[in-house]
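Each of the next two complexes has chain A plus one more chain, namely chain B in the first and chain C in the second.
Here is the complex of A and B:
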């Protein structure tokens, strides 16, 4: 190939390689992109500055070393990340020995693989769009590389490959909808482990945290079938902590693993059905509105502490249909052993707290009054809700209650539970999320990691476990308007405006709607969705068979249509605007019962029209003559044709003869 | 004299010619219209046939104005005119000419026959024997006469207007189809309608009119117009139409045999001449339709009861205009 042309082709291909490697940069070891950069520069140098290609033995040695390098980095060559690293490395080295267009094609095929691997790596909407664009670019580069003629200008080749991709769209849609899917995770290559994140942890020791990070990441989405409860009712239960060592709350084993007993839960009559879509978090937690009712399936079980849990860790986005009862009562009677468990406190820790509780008890208050008094205390004394609490020492609850008086939900929940236990009231801490932002575009409530919350449950005779949220006493905004409300109240005091947050919220809601659609309709399209599609089409029974038949029909139909279109030469042919205009005029006259006969020329037709409808004579014959002149005489220009088309558009004969 | 003004606003309309040839044509047609009453279409076909360098066959009864038509054409176009009356005892040499011995120069010399004229009216050619007929047709085809090994070119332009009686009349020799093909067109004149007949009966004698008619053009101008005919624009759409017509004539069950390629070419030339005559810068389907019955009526053999111009009409009504 000529040198300049070769360089242009090479530039296309190397551009594509870089674009396809970009999504992998995050997890590739640093030397891999470096190697790619060096190889690209070297190869370009060969093409334009007459550099020498490295000799064969060196290339083989390099390939071997790079292979070892990948192996050393990942300890394996199995899996997504080592695989994509290997692909990039091989691509870089292959670049050094590209001579003919066939080599470029091999490189571009590797690029397609990398694009695919990039999608396995991250299925978000943004990356999906980016990878689609790279696929377009790759197709364009493939055309440049395989043309025997000189490369096309960029716009032209992009338009051409764009048309190709659009043409392939029906096949893509058919395969996406109908290609039989295996049950279980579609991209099941153990890839979500690292991307699973959570705002919750399985234990809570508020004294150790001095700064709570606010993550805007989505924890889950929920959609209520009927009207949603008020925001202050949205307590999403995830975990129950019942074991306290004076500093840290933990789940006691094996108590936390016990399943729900029959009769433990009594219906309260306020059932709510809803669907939640959880982001992968790698744990067993299910976020359910307090109080969830019963196990929903074999996959999800309910524990004795009322929380729901999945049997297998949640490693991919999952949607569940749940039912909760906002007024359900649990454990109206508490066995002596359980009662003791929920009163247990470590000896010798937080003595002042213990004293306070005991002194209140000594005043002769009953359980309800005592709880009210404690909450009143939080309200009256100068307690502040803050995400930047000071560190606490050996007796964290004492220090919090009597000295610092600053903290977030975990501090309050921890102190409150300790106070109650010291006063002889069974109490525990519940972790989960509180609130959620309603997105009117999707109908989903959006619960973010920053909505993570901790509250208490106390056991009272006759009523059983009852939710008490001490934060509601300190920072009522936190509960009724979410963390942002509490922050806003706090920051307004600090003189900072929250107005600029509004449009950002709005944009975030739109973006979330697009993401929801993408996640549920595209990424979340699985064997279940396929089944539902078939059921909607009235096909049940043997799904696999129905899918294969539909797939064959769809693809076959598409090919037949394509063949017909190509066979008729219709694809590029645009209808002559002149002929189309005349056809329109004929159609208008035909509506009046005036049909052009076989063998009748436009002019003779128009003359006949004029005889039958004299008021149309002048216009009809004028148009017909103009049409014939444009069609049969030389030298007609587009401007005249455009004018004719315009005149035909204005020609609107009336159905009835005007009264004379 | 009727001279349509070309610079009038109506000049934009289709039928008003807008170039030099068309202007000449309209003058010629106007002059001919004044002489031959009520035969405007046939007379235009005759002129188009001449412009297309073809020859004309008129099949009709005696006395309907065949001779007047030929004569008028010759007068108006300024052509030399000869008339040959065909009879059953007419010999080829009577038309083509003979070599006679000139004793003063002591050699044979060619005496040109009546065919050596720019416009030859061959009257009642089917009264002559096939041998004489074919002598005429060969001369028409070759544009020359060969006698004693010497070729004598015929004058230019050269235009034969032949007439024949309807073949069912007694004492006629039918013309073979292969020879009919030599004529570009065949037309019928027919009887004039009542009004025209009245004008004919009461008006000035045609011969007097003819005698007073001055030529409007000369042979040079006619040749230039003839040369302009093949240059008339033919659009793709029109070729589509023409080919559809040819294909239908070959595929349809209405005809024993379809139009030959020569017939197709004849159709195109005739349509071009018609377009030129009417000032169209390209051939319109109307031009093709106007000449088609005259061009195909003696070429197509209908299977059923079709005859004359109905043959062309049947073909036109079966093929849509693209």
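Here is the complex of A and C:
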């Protein structure tokens, strides 16, 4: 029945539309998918239950309202998300009035475009796989929608479109590698900052980093050229906070913008080279082991507080080659103004903490002893390292140190810096990441948002700025095994096994390896990678020309191979070897001008050959007799056929009669 | 002269077809489609698809989006592969015309073809086209055959001639149209439509030429009974036999065989040649139904009296091919 066929086509198309819209759900206002759903159901109802199509004026009104709706939601129709919302809305309304196959084709082309827009939002491996599957479905639906005969069974049409896509893969690979890439955008539509996740923030109050504690999102990856330092050495600096108001640590604006001075850094001889691949975070931070050495390029600068920063905000994944000196000394001398700055504390906040520090100072301890005493205190007294610290009131440091004694890294770093400053030792808070999970499959250290950490730097006259991590005193696992190690130790204490975590970790590592490969080789493929590829092929110099030549060769070769492969299926079904041998014999005789006539038996043909070319008579008649016997008499065996084929192969009549 | 229709109406198209025809000459059936005679061009949908891919390319370049590039190139590659598939879908297919059964004017001629697929590949959505008339799309399984019929409305009596059959396919996804022109001559005979109202067949002969019994003959000597057919004269029904076993029968007389009925163009009601042929057609059909022996006299043609379906068809074909201009000239 024609209507049932129409419904089947519609089901294909609407299924594809839904699948192509799925990746956009997160960015679309709720009413858009709802509208699509209603339109899909209505149209299916029209096709299968005889529902009426809404009249033209209603559709126009709906279109107008939807346009206004998109405008109201986004305040603009320009940009990726409003654009995809408009596409979905258009698609939904177009669906209502589809009648002919051409309308369905328009819908499917929109679906292709939605898949494309989906990639602009998210380029992860998993979405890549999903959207490729949707592209496959769309191609199948395109075949069903355009087919002028009744729709094919699903398996057949999926196989057909799968064959099309598999055939297209080599073109895709060739073009992807060789199509000339532009270093910058064609016109100025950059990605919005909202699509980048920052993780850390520019300031630190109690509870800030705790929020990141459970996020498995990846902050960056790092790969060391030689052996990696021990996990307890992996302190990735991002930000330096030096301004304290009693609760929140911030960067003091003018000071944080100062560039690194000459002679501020002294080499310590423990240089280490590594590469980091940062996820877009929309900020300027560069994550580097302390202490990074010098600016790496005109793109990256180093400040007086030793941190690295990019000149432009990081809006796409970026990889940087860095060098750090793990034993470098910074600021052996601290100017009086700087010293004063790093001792600043707000008046009237956290009085008990100030008291404690002053009483310790009064005991006559020097700087090093004082620091050791404080860390010992954290270790001995019942301080807990927890992701669920209690809320703190007006004097957060006091409350933490003397009452709750439960906190995450920011509590410890904040309290410790405050104690030191109160005791007259210059100190600051550093925000960044600590540790990282090594993936043996890729050789990369994987640093997640949950590795976010805060620690302190203390200025001592002999050594300059020196890293001190109070959390290491409270929860040494945190530093040697990461947050998970610390939590696992806690779980073990609570009597729960950590075994179930192990295979999940393992699976996560494999998954990360795939993702890394994807991100570095596919998503990160750019004009630089292209140039390196050409250099590896030994083609340097005129890159553009080399690319064009390679492209032409690659595509041309592909087309030839495709034609050969596709042509293979055109061969007729396998012929009987006996018949094929006879045909070969006839072809050889035909070249001498001797054609077997219609109605002429093999033997009579051979006899005629013998009359015209007496020297062939015996052989030709013999072969013809054998052929007739093998072909028409019962009981011929394969061995005889094989021998006949062999004899025919040796039958090579010469074009001209041998001279007598 | 028979009424011939050739494919193509636009002068450019006709010139193109003539060029193609010169290139190959007439073909013999069955015709196997060789790669040199296959043509392929993108369809409107294919062009829109290309535009879409180009837009995606611009987008990918602007956002420098690797996945965008991948999708763009995948779809672009798919377009290329589709072209090959479309081409291959017709390659080595063989076409054999099977002719068309004659119909009356106003009905539809069905030109039948056999498609043979000698390869190991399934073929999809093959459409045959005669002039502007298209067949439904058929699939031809690997190593199999399919029968296609191209419906052509028969508007006028005469012989419908097509010199070119277009074999086309838009499979897969209708991005490309691959086609081939086969120069196979196919003809269909269109009989004149029988006149709805016609005067009774004049009995006897106009006296032109042939000798025969004159007037009233055929109702003298009773020879037997035969079954009743619609159109038989009620005067000849054997009412007595009907009363006996309530079966309608017709009295037959020896005169029937000896005195054939002559359907003569000259004795049809005067008017347009087409109308007169329509009347002849009606007479012939009625005579056949009545089981009579009937012959035909047209200016320039004579068909000896006989009875039977084959005879009727021969007669109707003569009517179809009758050259009206000739008869007009005679009058």
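Just so it is clear, the second predicted complex is superposed on the first by the 538 of 660 C-alpha atoms of A that agree within 3 Å, B and C clash if a C-alpha of one lies under 4 Å from a C-alpha of the other, contacts with A are read in each partner's own complex, and residues count from 1 in each chain.
Here is the rule we use: a residue touches a chain if its C-beta (ideal position, glycine included) is under 8 Å from a C-beta of that chain, and two chains touch if they have at least 3 such contacts.
The shown structure was predicted, so the numbers you read here are calculated from the model rather than taken from an experiment.
J.: With the two structures laid over each other on chain A, which partner does A:105 touch: chain B (first), chain C (second), both, or neither?
T.: second
J.: Could you figure out whether chain B or chain C reaches more residues of chain A?
T.: C
J.: Looking at the overlay, what does A:567 touch: chain B (first), chain C (second), both, or neither?
T.: In the superposition, A:567 touches chain C alone.
J.: Please work out whether A:513 is in contact with chain B alone, chain C alone, both, or neither, and reply first, second, both or neither.
T.: In the superposition, A:513 contacts neither chain B nor chain C.
J.: A:550 contacts which: chain B (first), chain C (second), both, neither?
T.: So A:550 meets neither chain B nor chain C here.
J.: In the superposed arrangement, which partner chain does A:116 touch: chain B (first), chain C (second), both, or neither?
T.: In the superposed model, A:116 contacts chain C only, not chain B.
J.: First (chain B), second (chain C), both or neither: which does A:634 touch?
T.: first
J.: Regarding the shared-chain residue A:602, is it in contact with chain B (first), chain C (second), both, or neither?
T.: first
J.: Could you give the residue numbers on chain A that contact chain B in one complex and chain C in the other?
T.: none
J.: Can you list the chain A residues touching chain B in their complex?
T.: 597-604, 625, 628-629, 631-635
J.: Going by the contact rule at the top, pick out the chain B residues touching chain A in the complex.
T.: 13-14, 233, 235, 237-238, 280-286, 289, 316-321
J.: Which bits of chain C are touching chain A when the two form their complex?
T.: 45, 48-49, 52, 55-56, 58-78, 80-82, 84-85, 88, 91-92, 118-121, 124-125, 127, 136-139, 143, 170-174
J.: Under the stated contact criterion, what part of chain A meets chain C in this complex?
T.: So the residues of chain A touching chain C come out as 102, 105, 109, 112-113, 115-116, 119-120, 123, 128, 131-132, 135, 139, 142-143, 146-149, 152, 160-161, 163-165, 167-172, 175-176, 179, 181-182, 184-187, 189, 191, 316, 522-526, 559, 562-563, 566-567, 569-573.
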